[in-house]
């Protein structure tokens, strides 16, 4: 009998594996550490504001947003969702938030604080406090507030300014954002100190901040290399490697070394014209969260010559900025975090693309990474990953003659994403991409 | 060998055509039924009979539609979106947008002068957004599908359906009949509901004129009128709108053979 | 003194007549049947006939259900939620949760002390209601009454992938022609509906005793599927279709008694046995 | 009083055709500035002689144009609002001011700005906490707003004029509260439906005209013989947006809605702007701290390191308690606009709070379309049945 192995067309980076292993390992390690009595915090992905502070204070962080994805993939999310539903949370809310709320209800109301036995990867233990975030979406601070029903732990909502693109250029605007950020972080440090009962080690924070910035810089450079044709690194490698930069998962010195290795491997591929897929016909940008449970879908597309060369702005490191002269680590962290939000504003204003923080970068990516098409994956219950997509698709076609294919999915109701249906649309979409390739030629674009 | 066959096994109807020199030579429409494989066979036999040929005279066959997998004798399966675009381009080379009103869904496709798809979108998987809604209501009104359009055209006061569900729409229609609401107002109400779904799909994609309409739903002339007034445009309607996708399949059958022989 | 509850559902009209001691004098159900115009009053007429009463003998009439708004001979309208809750708790005094799956919607009710205290309902898409089964029964050419029994014979469940009732209907036909067994398909259909209703019910939180009422409760295949989806015991009234009308009759009696005790006279409508219309 | 053009009648007319007055004023060379959310400090517009005009959504208008700009699973109020703009209904505006009150407001503002071309467009960022640094930042935002307004009008925002504007708007707030005093009686002197019309009229008129309208209305209502019919329940509706009379009527067919705790009701009028030395400070403080809406993150004490759910509920919902007592409310409807995240997350906690003070409540969801009314009706009736047994 011949066992048919699933064909894998994507040529994965070797340097990705140790990085991914590291991320997984640190996850388990941190659970162990917490179980051994180390303080744990539930954190919301906050785009660099709070994490270095927690890291410098030696606090382990678990990310419910991330855990929601794990629970969904492992098939245990359903029962938490049902619980949240029964507790009266409207079903149209962010699926990850409902998973967490259901989880908290099970752990705190039913099991009196014990980690539920069915919880995958060791579960999330009761936190010391909650660090929520105002950046990107309302769910991200309202959700942690709602957790107050189940756990009497304090919440710190991290403020993040949401400037308008034009308004940002009003004189003095940036300084006011800085003032807010630095003062806010200073108060946050005081809060954390009180919570863990020890003082901040400022030298350590200084080092942590620098490492965070450096890790992200290298990671940025890796992604710049993907502009090469054929593109040496597929989005799947990006997703596997991103947690080390985005959540600062793992030891930062290790991460730095591993990203440097990755840089070398990718550079090598560029020099030797090695692509991430055998025959790159279409260069694609992927918008927002990938369908984690059907990643094999990308192999099928790779067989058709679709290479995914760049992806969601929200998971990308900020455009590097020289911060070596900024002596106060809190100021450095704030500048770095703000850079994530406003790094593309100058350009966006010039191009008069005012549709928001997460919209403009797609135009830049498509232009610089020379994409033929965009695959958009709007998610029923994640507003922030979906709201800007119609606008993005409109701008891409209008300004750059690049078409988009939109395939609906969800973050927890995994059945919603139908890979067969999506593949059935690949054929007509290839025609569309070919058409626009010609249009771009006519309009004088260089790809 | 210049005969080509295109077979479109739709959710409601199976449509087949034979072309010669890119011209329609024969066509056939049957109800898809439950056994798509059998429908495909019947289709082939009938088409060949109509042009007085044998199977071997057909140089190439392309299958498309919901049940394309069952057309085992086709050389290739092609997406219905692509077929519709090629088909409409054959009939109306000037068309830049085409609305395809099929049984399960409504599709809107933008295309260029060579029939290449330049963008597309489809309605959600809810019967209230496709031709099935018309069938369901026609059944309640006890009229033939072919009478639906002429009937609806008579309406002055189309009803508004209370829910967006075709199943509930069915009971609502039954109730309305019992209240003495004229059948034409009910029929026109269905058209109104569908037209607004279509209009929002078209707007989402952005309309480029001229715009054509095809698929079985285009046989419903009143629906076509309603869509026209909703979008405030004139639509191009092919003589046999239901055949367009099958025609496109036959054209692809022809072009892929020609391009193969030229590269060989 | 006599009281009546009239439940005009989307599919069936049900009438319960009761005397002042609460004894049931008659209960009749018949199709709401919009196509034949007179059915609500027709069902009422039959009920009166069975109880050997005249319409003028009835002291107070409560109408409920989807068509409650325009019943010419009813004195008061009460939502089917309150009526079902009342009906259920008169039959099962320990009931805390009731699920009613009707032809037009599915509702879950929390009951405390015989009264409705909270509820959730679905009425947007036929796929989560009894209509889902009705439609597929018609397609398959089997009797609604038999669906449940047949489904119990299933050796396995076949997943129905289409969410939409109408497309599911088509899918079922295709499955049959592919040679799938009817009972397995039916089991899949019941499971699909049950899981949708169970999701709704969980939103409210389920407390025992749990009662399933409404026409769909007559279907033992659904009762089984609901048990599996919810993982708890389910009680079913003998005549689940009548629960709403029964509740309406009881509420009629109670409203009347309360007014009488307070020395008030309730306004009543003239007793005209005329057709009821749904839309104003 | 039988003058058809006064008081309630006038309010109804403006409600039905809200842009008429703005267009008249525009024809008389006034500049009209739109704003989609009550968090925009209209005082600053008034002080510069600009006419603030709230660009409301229109429930009766099916959304057709916004489909290409926003996905379906998005706040239907803002979708509808943008749809109206894309249909050109606000083309008469000289400018727009949007604000980051919630995510959908912020996102819609971006798209609004991109797809329309008013001579002036400004976006105000607003923090989510009431911490001192957040207040300071918000004040800075208002100062930037001042700068762009001054550049647009070519005038300086004078302290006197701003003070006068604040006073007029405070007077408007006081008058609305006075109007709400008239729903305390049973039956109320004025119905929830009528108040929806009045409030919408206020947001479509210059402040002075609005104040006149209020004065007329209050006088008329106090004197009139025919009061709304007494119903079996007195409701408070807690919602993000309840600004349509048809929805209100679904409730008022069976109950008296004596408090509309939404931005179509009392929300923007409960407090008062303080006349601080730095006027912008008073404004910033009012909008960030005083308006109670789910969008602002509140906690019992700033940066508290201990947490107690009971105190937490009190800090978030305590403002409802007084109204529930004083207006003798016997039922609360949590009316949720589907996909409205800030309010949706509050529902279970608010329910806990209301339980703790012994008021029955129900949760009803709607999607801001007329199609939502029929299913709502049964839910509303059933709730009223449960509380009036």
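By written order: A, B, C and D. Residues from 1 in each chain.
We adopt the following convention: a contact is a pair of C-beta atoms (placed from the backbone, for glycine too) under 8 Å apart; a residue touches a chain by one contact, two chains touch by 3 or more.
Quick caveat, the model's predicted, so the values are computed rather than measured.
Enquirer: Using the touch rule from the top, point out the two chains with the most contacting C-beta pairs.
Expert: A-D
Enquirer: Roughly how far is chain B from chain D, centre to centre by C-alpha average, rounded to an integer in Å?
Expert: Taking the mean C-alpha position of each chain, the two centres sit 48 Å apart.
Enquirer: How big is the gap, in whole Å, between where the Cα atoms of chain A centre and where those of chain B centre?
Expert: 42
Enquirer: Roughly how many whole angstrom separate the Cα centroids of chain C and chain D?
Expert: Centre separation, chain C to chain D: 41 Å.
Enquirer: What are the residues of chain A that contact at least two other chains?
Expert: Residues 87-88, 390 of chain A touch two or more partner chains.
Enquirer: Counting only residues that touch at least two other chains, what does the list for chain C look like?
Expert: Residue numbers touching two or more other chains: 123-124.
Enquirer: In chain D, which residues are in touch with two or more of the other chains?
Expert: 67-68
Enquirer: Line, ring, star, complete or other: which describes how these chains touch one another?
Expert: complete
Enquirer: Show me the residue ranges of chain C that touch chain B in the complex, using the header's touch definition.
Expert: Touch list, chain C to chain B: 10, 34-37, 104, 123-126, 131, 135, 162-167, 170, 173-174, 176-177, 277-279.
Enquirer: Can you list the residues on chain C that touch chain A in the complex?
Expert: Against chain A, chain C makes touches at 199, 202-206.
Enquirer: What residues of chain C sit close enough to touch chain D in their complex?
Expert: 78-82, 115-119, 121, 123-124
Enquirer: If we count contacts the way the header does, which residues on chain B are in touch with chain C in the complex?
Expert: It is residues 11, 33-35, 104, 125-127, 132, 136, 163-168, 171, 174-179 of chain B that touch chain C.
Enquirer: For chain D, which residues count as touching chain B in their complex?
Expert: The contact residues of chain D facing chain B are 62, 64-65, 67-68, 371, 374.
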